[in-house]
Each structure stands twice: as C-alpha cells, then as structure tokens.
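Here chain A shows up in two complexes: once beside chain B, once beside chain C.
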Partner chain A sequence: MSLWQSEASRPVEPEAAAARFINDPKHEETHDRLVWGMRTKRDQAASLLPHWEELREVASQVKEHTLTHLDQYLQQFENNALANGVKVHWARDAAEHNNTVLRIFEEHGVKLVIKSKSMLQEECGMTEFLIAHGITVRESDLGERIQQLSKERPSHIVVPSIHKLRTDIAELFAEHLHTDPHNSDPHYLAEAMRNDARPQFLAADAAMTGANFAVAETGGIVVCTNEGNADIGATVPSLLVSSIGIEKLIPRASDLGLFLRLLSRSALGPPMTQYTTHLHRPRPGTELHFVLVDNKRSERLASPDFWHVLKCIRCGACMNTCPVYRRSGGLAYGATYSGPIGIILDPGFDHRKYRELPFHSSLCGSCTEVCPVKIDISNQIYKWRRVIASEGLLPAIKGAGLPVLGDVLAHPAVFHAAEAIGIASIAHLPHKVLDNPLNPWTRHREMPGAPSQTFHAWYEKEGKKHE
Partner chain B sequence: MKIGLFIPCYIDAFFPQVGIATLELLQRLGHQVECPRGQTCCGQPMANSGDQHASSETEAHFAACFRDYETIVGPSGSCVHHIRYHLDACEQTPEVVRVRKAVRELIEFLHDDLQNPPLPPVEFPHKVGLHNSCAAVRGLRQEQPSEIAAAPRYSKSQDLLKQVKGLQIVPMDRPDECCGFGGSFSVTDEAVSSKMGLDRSSDFLRHGAEYIASGDMSCLIHLRGIIERQKMPLKVVHIAQILNGGPFA
Partner chain C sequence: MSEPVGTSARDEIISRVRNALPRPPVPLPGIELSGGQKSVKGGLGYHHNLTDLEEVQGFPEPGEPLAPYFQKQLAAMGGQSFLVSGYGEARAKIAELFPEAKVVCSVVPEIPGTRQVTPGQRSQDMHDVDVAVLRSRLGVAEAGAIWLSDADLVVPSLGVLAQHLVVLLSPDAIVPTLHEAYDGRFHLPAHAYSLFMAGPSATGDIEGVIIHGAQGARSLTVLLVSS
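So, the complex of A and B:
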C-alpha cells in the first residue's frame, strides 16, 4: 500500500510537524545551514554564467511552448522511441502506472529491482505497490536508500535525507549494515553502503529510472545523477523501465544545452551533474520500456491559474531558498513534494488533504526569484489559498475570525472602538493574561507596547492644524 | 501636490509616531497632506488568508476613502503591495482601479517620484541593519532581490539613507531573508515564524547593528517582540522616523 493510500485523507499538519522539528535545534539548525549553503552555491554559479536571467526566461518560454503543444510533442516522442526499439506505455494515473510496471515485471519473472531516484515513482507509491506484490525493490541513490531504510519519504527532491545528521546515518547503518554506530565518518559509511549495494546491482533482474528530460526529436530520455547509479541500472540488468511524467518533454536535443545549464546550477551549484545519461534504445539483447504518466497533469494543464507548475524541472532551488522549508524539514509537509513546489503541486492531487500547505508559507516570494523556469510559485501559493477558502476548507484557526475582522475593518467607528479595546487590554491587563498558552504570539515574542494615543486621535488634535 | 496619507491600521493602533514622521516629512518637502478620517485597513489580513469574501467590503471602503486623491502615500511596502497587486476582492470600478494605481509606498514616492530630493538635514549616528521587507524587495522591487544574478545592484532605501549623517549600514549574512512575520502566518505558524525572526535578529546582532530599520512596521512589530523576549541589545525604527529625525516614541 502506498504512503498516499495508507495515510488516507486526514489533512496534513505542517505547522505542528515543523514545530517538532524546530524543537530539536541540532537538526533544525544544521538543516538550515546546509540547505542555505546550496542556495549560496546556486547564487555563485548563477553569477558566473553570463545572461543567467535571460536563460531563465528562454527556458520558461521553451517549457510554455512545449506544454501548449504537448499532444504533438508526445506523439513525436512516442514515434521516435518506437522507431528506436523502445516499448512505450501510457498510464492515465498512478494505478495504471503501477499495474503496467507490475505486468512487465511479471512477464519477465522479475524478483529484484534496482531503481534510481524518481519523484514520479514516489508520487505513484510504486515501491510499496511492487513490494506488496512480492517484488523486492532496492533504492540505489544513497539518500533514497537511507530514506528507504528509515521508512520515510524523501524530505527533499534532490537531497532526500538532508534532514538527517551524520550521526543519525551511523545509527541507521549500524542497525541495517552492522557498522560501528559510533563511527559517522562519511567515507566509512559510504563504503559500507557500496559494499552492501554492489551484490544487489549484480543480482537485480530489472532496473528502473525516472527521467529529467524526454526529447521529442530523438525519442530519448536524459537522466541526471551525481552518483552514477542510474547508469548501473541502465547497463547491468537486461530489462530497464523508465517512468516519465508527460510534462518532462522538450522539443529538441539542442534544448538540453539550455536546461542542463540551469538544472544542476540551480540545484546544488555545480555546472553539471556528475553523470548525464542519454538513453535512446535498448542494448542488444535487452529491453527498454518507457511508461508515460499523466496522473492529473492534463487536469493541471487545463487550469488557467495553475498550469505553469508543469514547467518544473525538479531542481529543488525553491526548497533551498525557502526560509520556511529550511526551518521545517521536508517531512513536515506530509506529502510527496515538499517546500514551495510541494505547496503548489500537492493540493493539485488532493486539496482537502493538503489544504494546510498553502498556509505554510510567509509568502516572501524568494522561490519565484530562483526558479530556473520562472514559475510564479508564490503567486500560485496565494491563489491556492483562495481556492481553499472559497470551498470553505479554511481550518478553524485560520478562518474563524476573518468575516468578523472584515466587518470591523469595513466600518471606521467599529474599527476605532475595537482598536481602543485592544490597546487598553495591552496597557492594563496583567502580563500573564496576554502571555498565555492560547496566545501563540507570546510563546516566543513580547506583545507590542500600547501607545498613549492612536495616530488618528493625534491627528484629530494636532495634525489637522497643518492641513 | 496634494497627497492623501494612507496610515495602515497597525501603524494607527501601535505606532502613531511612524504616522507622524511620515506626515511631517511629506509636509517638510512642501506637500499638502490630508489624512482621510474614515480609513481603516487595505483588506490584506483577510485576503492573505484567501478569504476574498471577508476582505471585499474593507477593500471597497479603502478605495472610497481615497477616491479624491491623485496621489496616495503610505509608509508600508506590504500594504501598498497588496493594494497594487491583490486588491481585487471588491468590484473593480474605474474608481477602484484609479485608486490602486495612485497608491505609492513612501520610499518609492521619495526615490522615484520626487527623484530622491534633498531632505531636511538630519543625523542618525548609529549602526543600522537594513530590513527591507519581502513585499518591498520582491514585490515592489525597491531593492534588487539577492536571488537575481543580473547587474546593476540597487537599493532605493539605501539611496535615501545616504543623506543621513552618521548613519552606517552594516552588512548581513543573508541580506534579504524573510523575517518570518507573514501576517497571520506569525500566529498560525508560530514556531517557524519565531525561529525565522530569531535567526534574522541574530544576523543583525552578529554584525554589530544597534538598530533594525525598515519601511515596514509589520516586520518590526514581530522582530521587536523577539528581541525584547531575547533581551538583545537592538532597537527597531521605521525609515520614515530616521529620514524625518523622529519622533522616535
């Protein structure tokens, strides 16, 4: 059963989860420092590349062009892939995707699958589904494998276990790989994982990857990793299945020059990922399958307010810059996608379950400014709030007072009376009354002091003299 | 020029001195300034929570209060950003559209419309940490956002503050990181909001600032709450107070 299904439709509670993360300063402060470090490296990389802002604009336009001609490019991609000898499947939703993959594996008698990182497969809850059908699925990306052993989702779409400390990994590996729990040296831990993974790579009956880009002109896909783990999957087993979201299309191979320039720099700072793998056709004697997945992407594409989210190339820059994400940790979002991009993607799957996410933002707008394909992320967060409110889904703490507040603020006399009561309360009530657990403001902050008079009271007496 | 003075609700209630500083500064620059009496709020608190219905009457009321002014100036990037880009819950009559276009934030009014005029001589011999709000930086483009890789770097508030004798702006580790106020976010997401405020204040403190200066009291109401609780040797001040030489309390 997938994470999506097992947690049913209970609304996620990002604020409470974030508060727990912050309560553990060692994790929160390390997380903030490391993730901000990625933002800093992104800034340096962007400043070293001439015309960075123009590249963002062109990338945005190429994506918009592709999305508005998506039917043509998908057909072109399929035709070229078929001509290359690839077997192409179409999946309307997560269930169709998972069943397609399962059918392929059953036909080939697959028992062990080695997979590289794919947010789409995560989105589909594929791993849990395959395991429930008796297939062993092993993550080959180090961070993803750490998350798999922890029975947690990835907390970041590029660096899945960034919320963990080295010492957490040492404990985890001690439990599963029998390493020394007190040795958190990264080289030692990485070597232990390598030794554990290699026999599995060799024994796997099939491999799986995601796709960063699908090129219509060639019918090939591009997979970017920093560990080369996708390449092992592509070169060792005799069966490879790649899951591709239909929004991954780009028209031409030459467009890669644009997107590959932006992707890794936006993500972690380096000019390129360590490995950029181009998969066009099966090796002789092997099979290559592409599964093209919709899973509500067509629905998004039809939405005038929200279709821009499909431009996303999953670099994670918006997460790295997000001050709320950095203090929350990705798991606090309780969803496949976390951070700003998660806030605007997840409600598209289930806006009741994820109704709290658009409010887990200070609307600072930094996400919009770093996005390499210029998605107006903060604006979309703002628009999702309107959708949630208009459907009467505002949670009590956020919605209860608003009609009353709106009424007070629309009527000057009532406003000034309310103001007077508020100011008098602050001035005269004992500190303990205001500083109580029901007033979240004062948990970490003092109340503002009460002035002797409001501006409008002063203006009535003094200001008018100058008019 | 006759100016309609827009005093945001929380400045009216908690920071009358910022309203006074804004009024006096505009008058000293030779403008006729009127503060419409019936004004309350721009509607942002309800609209930011997504509740268009609750904000529509307040927004319509705001526009009605200022319909007689060709220029409206308010000392808040956050409110002006709302009015310019998001005040669409009420019916968009020609009058509402005109008012939305006529609203200027104090810093952009001084810097862009008045072309950074010579200000009355004033001193502020302190180390100042500059906190331009997210609405001012990324919304109103009063400063080049740190995310943008293109030249030239600019900051309208810094340009204005250069006229102030003795004022020294301290550098920051994260120059335009959000302070975590975010309106109702500060209450509904109290833990994250407070941690962001603590990190922001600590950045100023680390760099030797005596004051945190901003064009937005909403950020400062939050940051002041943090620094008072933490007993940090920092004070907050609105840029209008610095430029006008007070009043500071």
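So, the complex of A and C:
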C-alpha cells in the first residue's frame, strides 16, 4: 500500500502540518533563510539581464500560443519523435501511465531502474506502483534520494529536501549508508551518496527521466539538472523511458534560448543549470520511449479560469517568494505540488481533498510578480476559493463568517453602519475578544488601534472641502 | 490493453485537447536575433520584439572578444579555464593539473591519453576513467557553457562517468547568449544525446551548500586553445 493510496481522499490539513513544522524554530528559520536566499539570487540575476520583463512577456506568449494550438504541436512532436526512432506512448491518466511504464519494463525483464527527478512521475505515484510490482526504483538526484529514504514527498519542486537540516541528513545516512552519525559536513554526506550510488547506476537495467521541454519541431526533449544524474541515466543503461506532460510542448528549438534563460535564473539564480540535456533518438543498440501524459491537463485547458496554470515551467520561484510557503515548509501542503503553484495545481486533481490549500495563502501577489511565464497565480488562488465556497466545501471557521461578510459588503448602507459600530467596539473590547482561537491572525501579532472615525465620515467632512 | 476499438489513448487525448483549446488563439511571437554575434552593445539582449538594447556592465563591447566574459561566468558556475596557445601547451597544462591521473581517455587526436575510446564500447566501461579530454565546438558567454554531442563524446557516458573533464574550445567559437546558441548552430535530431554543460556536476541539496561532483564530473576545465 503506497503512501499516496493510504491517504485516500481525506482532506489535507495544512494548518496543523505547518504548525508542527513551525514548532521547531531551527528548521523553520533555516528553511526561511535558504528559500529566501534563492529568491534574492533570482532578483540579482533578473536585474543583470536587460529586458527581463520582456523575456517574461515573450515566454508567456510562446506558451499561450502553444497551448492554444496544442493539438497540432502534439501531433508534430509525435511525428518527429517517431521519425527519430523513439517509441511514443500516450496515457490518459496516472494509472495508464504507470501501466505503460510497467509493461515496457516487464517486456525487457527490468529489475533495477534509476530515475531522475520528475514531478509528473510523483503526481502519478509511479515509484510506489513499480515497487509494488517487484521493480527496484532508485532516485538518482541527491535531494530526491534523501526524500525517498525518508519516505517523504519532495517538499520543493527544485530542491526536494530543503526543509531538512544537515544533522537530519547525517542521521538518515548513518542509518542507510552507515556513515558517521556525528559528521554532518555536507561534503562528507554528498560524497557518501556518490559512492553509494555509482555501483547502482552501473548495474541499472533502465533509466527514467521527466522532461522540462518537449520540442515539436525536433521531436526531442530537454532535461535540466545540476547533478548530471539524468545524464547518467541517459547514457549508461540501454533502456530509457521519459514521462512528458502534454503541457511541456514548445514549438521550436530556437524557443529554448528564451526559456532556458529564464528557468535557472528564476529558480536558483545562475544563468543556466549545470546540465541542459537534449534527448532525441535512441543511442545505437538501445531503446528510447516517450510517454505523453494527459492526467487532467486537457480538463484544465478547457477551463477559461484555470488554463494558464499549464504555462508553468516548474522553476519554483513562486515558492521561494511565498511568505506562507517559506514559513510552513512544503510538506505541510500534503500534496505533490506545494507553494503557490501547488495551491492552484492540486485542487485540479481533487478539489475536495485539497480544499484547504487555496486558503494557505495571504494573497499578497508576490508569486504572480516573479513567475517567469506570467501566470496570474494569485488570481487563480482567489478563483479556487470561489469554486470551493460555491460547492459548500469551505473549512468550518472560514465558512462561518464569510456569508455574513458577503451580505454586509453587498449593501453599502449596512456596511457603513457596521463599520461605525466596529470602530466603536474595537476601542472598548477587551484584547481577549479579538485574540481568540478562532482568529489566527492575532496569534503572533497585536491588532492595530482603531481610527477615531471611518474614512467615509472623514471624507464627508474633509475631502469635500477640496472638490 | 482492454481498450474499445477506435478510442486509443492517443486519439482520445488529441480529441480532448482539440475540444479544449482556449480561444482566441494566441499568435506565435517572433524571436529574432540581433543580426550576428559580437555586434550587439551589451550583447545580452534581443531586438525587434524587444526594444532598444541596454548595456550590461562587464559585458564586452561590440567587436571585443567574448572569452574573458565566458571565463568569468564559467568560474561562477564552478568551472575553471585557461588560455593556451597550441596543443603543446594544452598537453602540458593537463599534465600539470592531473599529475596523479591513471586512466586518461582523450578523444582529441592531438592530446594523447592512456586508453583509446572507440564507438561501440560499453557505456559502463567508462566507470574508471580519471580524466576525459574532449573538444567542444560551441561556447556560450552568458553562462560559461560548452556544447557537447554524442559525436564529440564518442561514448556518451564518458562525459558523466569520468571523474574530471578537460574540454578544448576555440575562443572564436563563443557566442554571446543562448539565443545565438540555439540559432541553427547544431541540428538536434542528428544527436541521440547532446548537452550544454555550465560547470561540473553540482548540488545544493544539503542546506544549500554548493558541492561539486554530486553524481557526474567533479571538475570541468576548459582550455581555450588559440592556434
């Protein structure tokens, strides 16, 4: 029984999970500092490049063009991949994807697979599925391997184990790699993993990757990594299977210049990832398989409110800038995708299970400002709140006040009356009334003092003098 | 598979996508280059759909060589580079950098190694290579990146299994940005495997500490060979 299946469709509880993470100041502070550091480096990189904002705009247009012509580009990609000698498969959903991969591996008698990071394969729960069918699956990325040994999801789409301290990893490696539990030097730990991984990489029967981009014009994919682990998979075993979400298409090879200039700068700051790898045909004597996966992407595409989320290039900039994500950590979301992008992706898979996530945001809009392909993330968070409210799925506490608020805001006279009463009351209410367990806002903050009159009343008196 | 006839996953996905296409369709923006490398002030920008170019501090002026900026960017990515004149100096530099190397595989005829690499060798056989000597025919100044294809590597796993990489590059083969790099300088479908490397293998997965040699090459040295 996999971690994913056992959780069934019970709604996730991000508040409680975040509280557990925040409870340990060392983890919370380190996470906040490291994640904000990535945001800072992104800002420096963006400021050094002329026309950063125009690059974002053109990238957004290329993605929107591709998505509004996606049927054509999918067919062009397939035709060119087939002409290159790639075996192309299609999967409507996660189960079909997993079964397709399993069938390929069974036909080749595969026992050991090394895989590089793929959020799509995470989304499909593929690793647990293959393991249940007797195939050993080893994550080849250091952070992903740390998460695999910890039996946890990735907490960040670029740096999967960023929520862990080096001492956590020293403890984990001592158990699994027999290293010194008291030595938490990152160089020592990384070297231990390199030495543990190499023999497995050389013995693997097959490799798997995801895809950052799929180029319709050339029928090949691009995989961006820093460790080179995907490259070991692509060059050592004689069978390679790559999972590709259908939204990963771009029209032309020349578009890669545009997206690659944005991707790594937005993620971690450097001008590009250490490895930018192009896979276009099987090496002589080997097989290359592409599995094109829908898994509700066509449903998103049909939604006027939510199709823009398909522009995402998975850089993680929105997570790094998010004041909620930085404090709560990625695991608090209880979902494949965390942070602002997760808040608008996850409910698309199951809006009952993930009904709390769109409320795990301050709606400050910083995510929208840093997104390299200009996804209106904060608007989409707000729209998901409306979907969830309209289906009566609001969390109990938020649900209690919101219908009343809606009625009050809909009637200006009622609002102004309520406003005046509110101001008068705040001044006289004991602190405890506002600072109650139903109002998490005041848990770590003081309420500001109330003004002496409403803005409306002030404007009636003062503002009209200048008209 | 137990699929009803006529509803293959492929046809169903394409049909679903076709019915879902957002409207109105968005036109494909042109991405036009500046009309040749090294001619652009600041060198990092576009023109046409992007307006006037700005100057980037530290980037070469039009007509100036790109190699110094390439070297600076490569160093920032954790790589190192040296200017050498001719293959004699290149050989001496490699000997100086890797005096302990036992297995040196060179695919550059002018640089002798200790072991031959020939097409068709097993990928796994590259596992004990200490130093691989390769030749790249394209560098990108903005990222300090070099281009390598399966043809350049002879056996593709050589580039990731070797402990250290030395790559020879002509200073004249450096273009300013990734836009120029992807502007028809190679034909992607001709290569099973090809890549840009910007520095050696790296990870920041343990508390963001940058460590080189996570899984692939521990070091990347570019020798800028002038003839």
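We take it that the second predicted complex is superposed on the first by the 399 of 467 C-alpha atoms of A that agree within 3 Å, B and C clash if a C-alpha of one lies under 4 Å from a C-alpha of the other, contacts with A are read in each partner's own complex, and residues count from 1 in each chain.
By definition in this document, a residue touches a chain if its C-beta (ideal position, glycine included) is under 8 Å from a C-beta of that chain, and two chains touch if they have at least 3 such contacts.
Nothing here was measured: the structure is a model prediction, and the numbers come from that model.
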Checklist entry - Can A:S328 be said to touch chain B (first), chain C (second), both, or neither? => result first
Checklist entry - Who does A:T273 touch here: chain B (first), chain C (second), both, or neither? => result second
Next on the checklist: Under the stated touch criterion, which partner chain does A:L301 make contact with: chain B (first), chain C (second), both, or neither?
Outcome noted: second
Next on the checklist: Between chain B and chain C, whom does A:Q453 touch in the aligned arrangement: first, second, both, or neither?
Outcome noted: first
Next on the checklist: So in the superposed three-chain picture, is A:T30 touching just chain B, just chain C, both, or none of them (first/second/both/neither)?
Outcome noted: second
Item to check | chain A residues touched - chain C or chain B, whichever exceeds | outcome: C
Checklist entry - So, A:R92: does it touch chain B (first), chain C (second), both, or neither? => result second
Checklist entry - Considering each complex separately, which residues of chain A are in contact with chain B in the first and with chain C in the second? => result 49
Checklist entry - Which residues, counting only chain B, touch chain A once they are in their complex? => result 7, 9, 11-17, 19-20, 23, 27, 32-35, 37-41, 43, 45-46, 48-58, 60-61, 86, 134, 138-139, 145-150, 174, 176-178, 180-199, 221-222, 224-226, 228-229
Next on the checklist: Which stretch or stretches of chain A touch chain C in the complex?
Outcome noted: 30, 34, 37-38, 48-51, 54-55, 58, 61-62, 64-65, 67-71, 74-75, 78, 80, 83-84, 89-92, 96, 99, 140-143, 146, 159-162, 164-166, 169, 186-187, 189-191, 193-194, 197-198, 201-202, 215, 218-220, 226-229, 231-232, 234-237, 246, 251, 253-258, 260-261, 268, 270-284, 288, 292, 294, 298-299, 301-302, 304, 307
Checklist entry - Along chain C, where are the residues that touch chain A in the complex? => result 1, 8-10, 12-14, 16-29, 31, 42, 44-46, 49-51, 53-56, 73, 76-78, 120, 123-124, 127, 142-145, 150, 156-157, 159-161, 177-184, 188-209, 211, 213-217
Next on the checklist: Give the list of chain A residues in touch with chain B in this complex.
Outcome noted: 15, 18-19, 22-23, 28, 32, 36, 43, 46-47, 49, 52-53, 321, 323-324, 327-328, 358-366, 368-370, 378, 382, 384-390, 394, 397-399, 402-403, 405-407, 409-412, 415, 419, 422-423, 440-441, 443-451, 453-460, 463, 466-467
